[in-house]
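Quick heads-up: structures coming right below.
In what follows, chain A forms one complex with chain B and a second complex with chain C.
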Partner chain A sequence: MIKRIIYNLVIFIISIFIISTITFFLFELVPGNIYDTDLIKSANIIANIKEKYGLDEHISTRYFLMLKSTFSFDFGNSFIYDGLSVNEIIAKYFPISAILGLTSLISSFIVGVFIGYISSNSKSIKNIFFIIIILLISLPTFIIAVFLQYYFCVKFNLFPILWSANWINFILPIIALSIYPTTFIARLLSESIAGIKSSDYVFAAKARGLNEIRIWFSYILKNAITPVISYMGPLTASLLTGSFIVETIFNIPGLGRYFIYSINNRDYPVVMGLTLFYAVILISTNFIANVFVSVNNYKGKRIENR
Partner chain B sequence: MKKAILIPVIILAMFFLSGCSYNKQKNQEPLTKNTLNVSVSVEPVSIDPAKCLSMDACSVLTNLFEGLVNFDKNGNFVPGVATSWVANEDYTKFTFYLRNNAQWSDGSNVTAEDFKYAWLRTLNPETASSFAYYLYYIKNAESYNAGRVDASQVGINVIDPYTLEVNLENPCSYFLSLTTLAGYYPIKSNIIKDHGDKWTQDVATYITNGAYKLKEWQHDTNLLIEKNNNYWDSNSVYIPNINFLLMADATTIINAYETGELDFIEYTLKPDEMAQIAEIKYADFVYTRLVEFNLNKEIFKDVRVREAINIALDRDNMVSLVGQGNFPMQYFIPSGFRMPDTGMDYREIYTNKYFESTPDIERANKLLAEAGYADGKGIPTLTYLCNTIGYNVANAEIFKNQLAKIGVDVKIVSLDKKIMVAQRNSGDYDFTPVNLLAEYPDISVFLYSLRTKDSSNYAHYSNVLYDDLYTKIITESDVKTKFELVNQAENILMKDYPVIPLYINQMSYIENGSVEGYTHDTAGRLSFVHAKIIKD
Partner chain C sequence: MKNKLPIILILIVIITLFIASFAIPFFFENNIYEQNAALKYAKPSELYILGNDYLGRDMFVRICYAIRNSFIIVICSIPISMLFGIIYGAYAGYSSVTVEKIMTSIMNIFESTPEFLLAILIMVVISGLDIKFFDGGIFGIIATVIILSWVKIARIIKNETKKIANNDYVLYSELKNARFGHIFIFHILPGIRRIAITTTAQKISSVIFLEAFLSYIGIGIQPPNPSLGIMIYEGAKYIRTYPHLLLFPAATLFIVILLFNILGELLKFENKIENL
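Right, the complex of A and B next:
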């Protein structure tokens, strides 16, 4: 186990190094800079901006400075947002995105697993759910978000539109964010259950006269859930880091928006900081999902071997 | 089995029931209207006067700060922090006499030192302010900003705490207009020394001298300002709170207006979007939409080619396609600047139109033939470089289609805003669109960017006569003579055609009738300083 953790840690550090290097050089290649705007009308001012933000340094110097800030995780202040450091931006906006993301994650997991479970049990329910799932899965999130806002805020006047950091503001965004993962999990699980139900070891278990509930939980669900857990890794990362579209429509001050704005404005420290922050989350959640899957499989094997 | 289905149903039911209980609460509490909810801006990158360049953010600042002079409803100068001012004969020296009852929101006095401190800070190379450019009018300001001289040599002198003397680099008759801009607002001395760039982030350190002060700034959500009781003229400030809601999505803004959560919308919606929900109102503020030729290109050296392209355009059609609030432009200087005495607008005095708003294909073809490009033969494919923001791409498509009628083939290159600027700097384009607006409230602002070698002269236009006229215009104090000179400059432009005027966009806004008395100045800034809430 310790060996495994050390191995993963090394992989983690190498990944961060590679990601920061690639991001740095990709960003170098993108034309345009913070001072490329119609609003700046003097070469003096551009020179001052370059000097202030160290943009006039040689690329190798900037690369090493970037590596230094990567591994100390301190990217300094945003070029654009006055007096805000990258770490402050993350500390301020990540909690909102995280609450939203975690709640969506849990609700889509619970609802998705239930629907998957139910639809694998009955053919008629499966057919009905299948149609609904296909409908929902093909609807883009922004359509769902606009639809929810129009009907529940404007028509029925049940929710406020403006953000006030109240729990009431979270409900519609959570629904909008959960629909796709819920339907995806449901479909994944129901297909996986169908496959496992007809496998030899389930028949063998039934032949041995094992308790129906035990077969369900120890044999079928335990194995069928593996693809769902694998999917939870990247899903957690994408939900935690915030959705630009949902945040914009529901006017949520989350992290997702800052990522897009910083790229558009060439706000280099924010781009670097947020990319690495996202990378850390993605790598960690994938790692955790892998651990879950392997623990689950390990137990599965033990049962099979018995 | 049944239980399994019940749980998600219960969860969903809880969501909806909780929603209902919120609704009840909302209906029980009657709205007492002491806050005006306004959408004029997305999250401003800064509310530091030294760094405020976007018009929407300046609208917020105009309520928070007060400069030396203000505009009244008719665009005349009225006292701000300064009660009176004098200029010397050739407009190179301005002396301002400050009122001694002007106070900061913390109760301390606003003095001439605060102005000097603010201006020098903006000019300090370490501040790296983009606004510094608009202070270059002051003697040695540009040299100081470029790091060539030190601060003591900049022409800002504090004679006594309530007298400020400003020496200018070159004569400038409209310096007073400039002092209304955000970068000319005072900043309480030494506040930044103690708090650095963070001074705008904290209500306690963000001290203002205008009609309002900052109460709360929740990033990406709202910027709430409240009446500043220390403001010298606070008796004529009526609205207790103004809540600037920082929203980006058009649908959300529309929905919030429909539910009554927003009272006033400007900038953040396009006119067509506003028209869906309310009757559009128009401010006395315009920007002009033009396309500049790249005169460095061989094909455009011949004025006949430029004129042919200009008259081949169907502006009526263009305006009908672009949408509400736009008018065909048949001249270069838009309306919006008035004679202070008679109130006559420049365009009411000079009513001449330089070409038709409908195309004259026959004449355009004739001009092209004379230039040696009969039916457009021999003209290479011309590149139209624009960014992807707003109506730019739609405009480009219309432009392309209309020019196809005289055999001119246009290739549209639409790029991300930053990449587009980089591309434009490389000089590789034939056409590029520009929006001209009154960055400072003086009529000469529209003529500014076509001076030889100006950094925003994307046409690379150069005409000695024009440059001379411009110098005369900015040193002329008599408005009548000034308008006459402006008209001469306009005549030159409409003979040389370095640019193609397309249409005028009048600034549109909507409000739900709950407020009156707000003003838009000629630079487009929205002030609620003397506005009143008239209904709930």
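Right, the complex of A and C next:
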């Protein structure tokens, strides 16, 4: 256990190092600068801007400065919004994305497990759900979001179309975000329940005359939930980070929308900081899910070796 | 092996779509970019069976051309990432514990980068580099797909190879001083064949989705080159007044992804693979 935590920590640090290096050099390759506008013509002004933001230094100096700021998690100020630091931007915009992502996570887990459980009970229900699930999986999130917004906000006028930080604004984005993970979890669970139901130890438990409910919870569900839990790690990260399309369509002032905005504006410190912030979330949720799996189940050993 | 009819049917539909998406833009080449002010937002008619878009361009030909673009991306990216993923995964699964640990750690690092963010960064850089193999951002998407998708394939292949490497016939080959190349071709490859084919079919739909997604947020295929993602983005603006601008590209994207998802599920069922 401790050995694994140490291994994960080493991987964590190496990943952060590699990701920051890649991001740094990718951004060196990107054409265009913050001073690349029609308004600024004079060489003097450009030199001043470069000096202010430290862009006049040699690339190696800037690289080491970047590494230093990465590991102290202090990326300085945004180029576009003067005086606003990257940490302030995260503190301001992330809570909305986090509420959106975590609510979708919880609702898709509950609904997905429920559907997976129901569809494992009888063959005909399983087939019906299978068709529904494969249809829903083929629908990209942005199509779902556009149609949801049109029908429920414009046509039937059930939800407000403008953002007012009210709970009612969250309903449609959460539905749009959680359809794909719900179907995925349901499919995963019904498959693994079907596999475990026919296994020897469930048969043995039935032969010992244990009651149905106990067999369901402590024999079947407890083991069948393992693939779902190991999927929860990447899912949490993708819901926290990948919500920018939904944020754009529903006009939600979240962090994902800000990320795209700062890439387009070459706002270098913000991109750097947000990329690493997302990477930290992804790595830590994966790690937590791994720990959960290994605590829950003997199969954790198999997953650990992957 | 009992019932291959559904798979053959789906394959026939996909191949028909493939040929049509290359043939139709070839015969109506002028209609792809040609604008017609008199036919702006025109509803479907006999001449333009899916109507015209906000610049009066023929929707039907543009949708076909967009599918063609998706297919080009799939054809250029999937084989390369499959080949690399299979060789990497097989080598990692077959070799000694230390080498395997290092190779697995490299995969872990790749997986710990947020996928969509990495895609966006790579796309921004490549579109700025001005490489002209394919027009309008297609090259960037191909490179992004290759960089992102080999890891998942490699992981599945690695787990499968580990099971095969424990067999006696592999040990026998090792005793005869067989090289990795020999064992790979004669023992590992036949064993992972089914799972590799199934994974490919499932990857294709996610590649088509990634292309539409990147184009939708405006950093994938660049206009005027048609893409289903761009057409959905443009069509969403006119959803109240001219819904056919959104409905046809959205339905097409849905059907194309659905076809490949069904193919993947059928192959999975046929090959009896669980939890992929």
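Rule of thumb we're sticking to: the second predicted complex is superposed on the first by the 275 of 306 C-alpha atoms of A that agree within 3 Å, B and C clash if a C-alpha of one lies under 4 Å from a C-alpha of the other, contacts with A are read in each partner's own complex, and residues count from 1 in each chain.
Just so we're on the same page, a residue touches a chain if its C-beta (ideal position, glycine included) is under 8 Å from a C-beta of that chain, and two chains touch if they have at least 3 such contacts.
Fair warning: this is a prediction, and the values are worked out from it, not measured in the lab.
Colleague: Could you look at A:Val154 and tell me whether it touches chain B, chain C, both or neither (first, second, both, neither)?
Modeller: Both chain B and chain C are touched by A:Val154.
Colleague: Does the superposition put A:Leu135 against chain B (first), chain C (second), both, or neither?
Modeller: It touches chain C, and chain B stays clear.
Colleague: Applying the touch criterion given at the start, work out whether A:Ser42 contacts chain B, chain C, both or neither, answering first, second, both or neither.
Modeller: Only chain B is touched by A:Ser42; chain C is not.
Colleague: Of chain B and chain C, which one contacts the greater number of residues in chain A?
Modeller: Comparing chain B with chain C, the partner touching more chain A residues is B.
Colleague: Scan A:Val146 for contacts with chain B and chain C and give back first, second, both or neither.
Modeller: both
Colleague: Is A:Lys126 touching anything from chain B or chain C once the two structures are fitted on A? First, second, both or neither.
Modeller: It touches nothing on chain B or chain C.
Colleague: So which positions on chain A get touched by both chain B and chain C?
Modeller: The overlap between the chain B and chain C interfaces on chain A comprises residues 30-32, 146, 150, 154, 248.
Colleague: Which residues of chain C touch chain A once you look at their complex with the stated criterion?
Modeller: Checking each residue of chain C against chain A gives 104-105, 108-109, 111-117, 120-122, 124-125, 128-129, 155, 158-159, 205, 209, 212-213, 216-217, 232, 236, 239-240, 246, 250, 253-254, 257-258, 261-262, 265, 274-275.
Colleague: Under the stated contact criterion, what part of chain B meets chain A in this complex?
Modeller: Going through chain B, the ones touching chain A are 1, 4-5, 7-8, 11, 15-16, 18-20, 22-23, 26, 45-48, 51, 53-54, 125-130, 132-133, 136, 142, 145-146, 196-201, 218-222, 245, 247-249, 251-252, 255-256, 258-259, 261, 416-423, 425, 455-456.
Colleague: Inside the complex, what are the residues of chain A that reach chain B?
Modeller: 30-33, 36-45, 47-49, 51-53, 77, 80-84, 92-93, 107, 110-111, 114-115, 117-118, 121, 146, 149-150, 152-154, 157-163, 165, 168, 171, 175, 248-251, 253, 257, 264-266
Colleague: Quick one: in the complex, what on chain A touches chain C?
Modeller: That would be residues 11-12, 14-15, 18-19, 22-23, 26-27, 29-32, 134-135, 137-140, 142-143, 146, 150, 154, 188, 191-192, 195, 227, 237-238, 241-242, 244-245, 248, 259-260, 263, 271, 275, 278-279, 282-283, 286, 306 of chain A.
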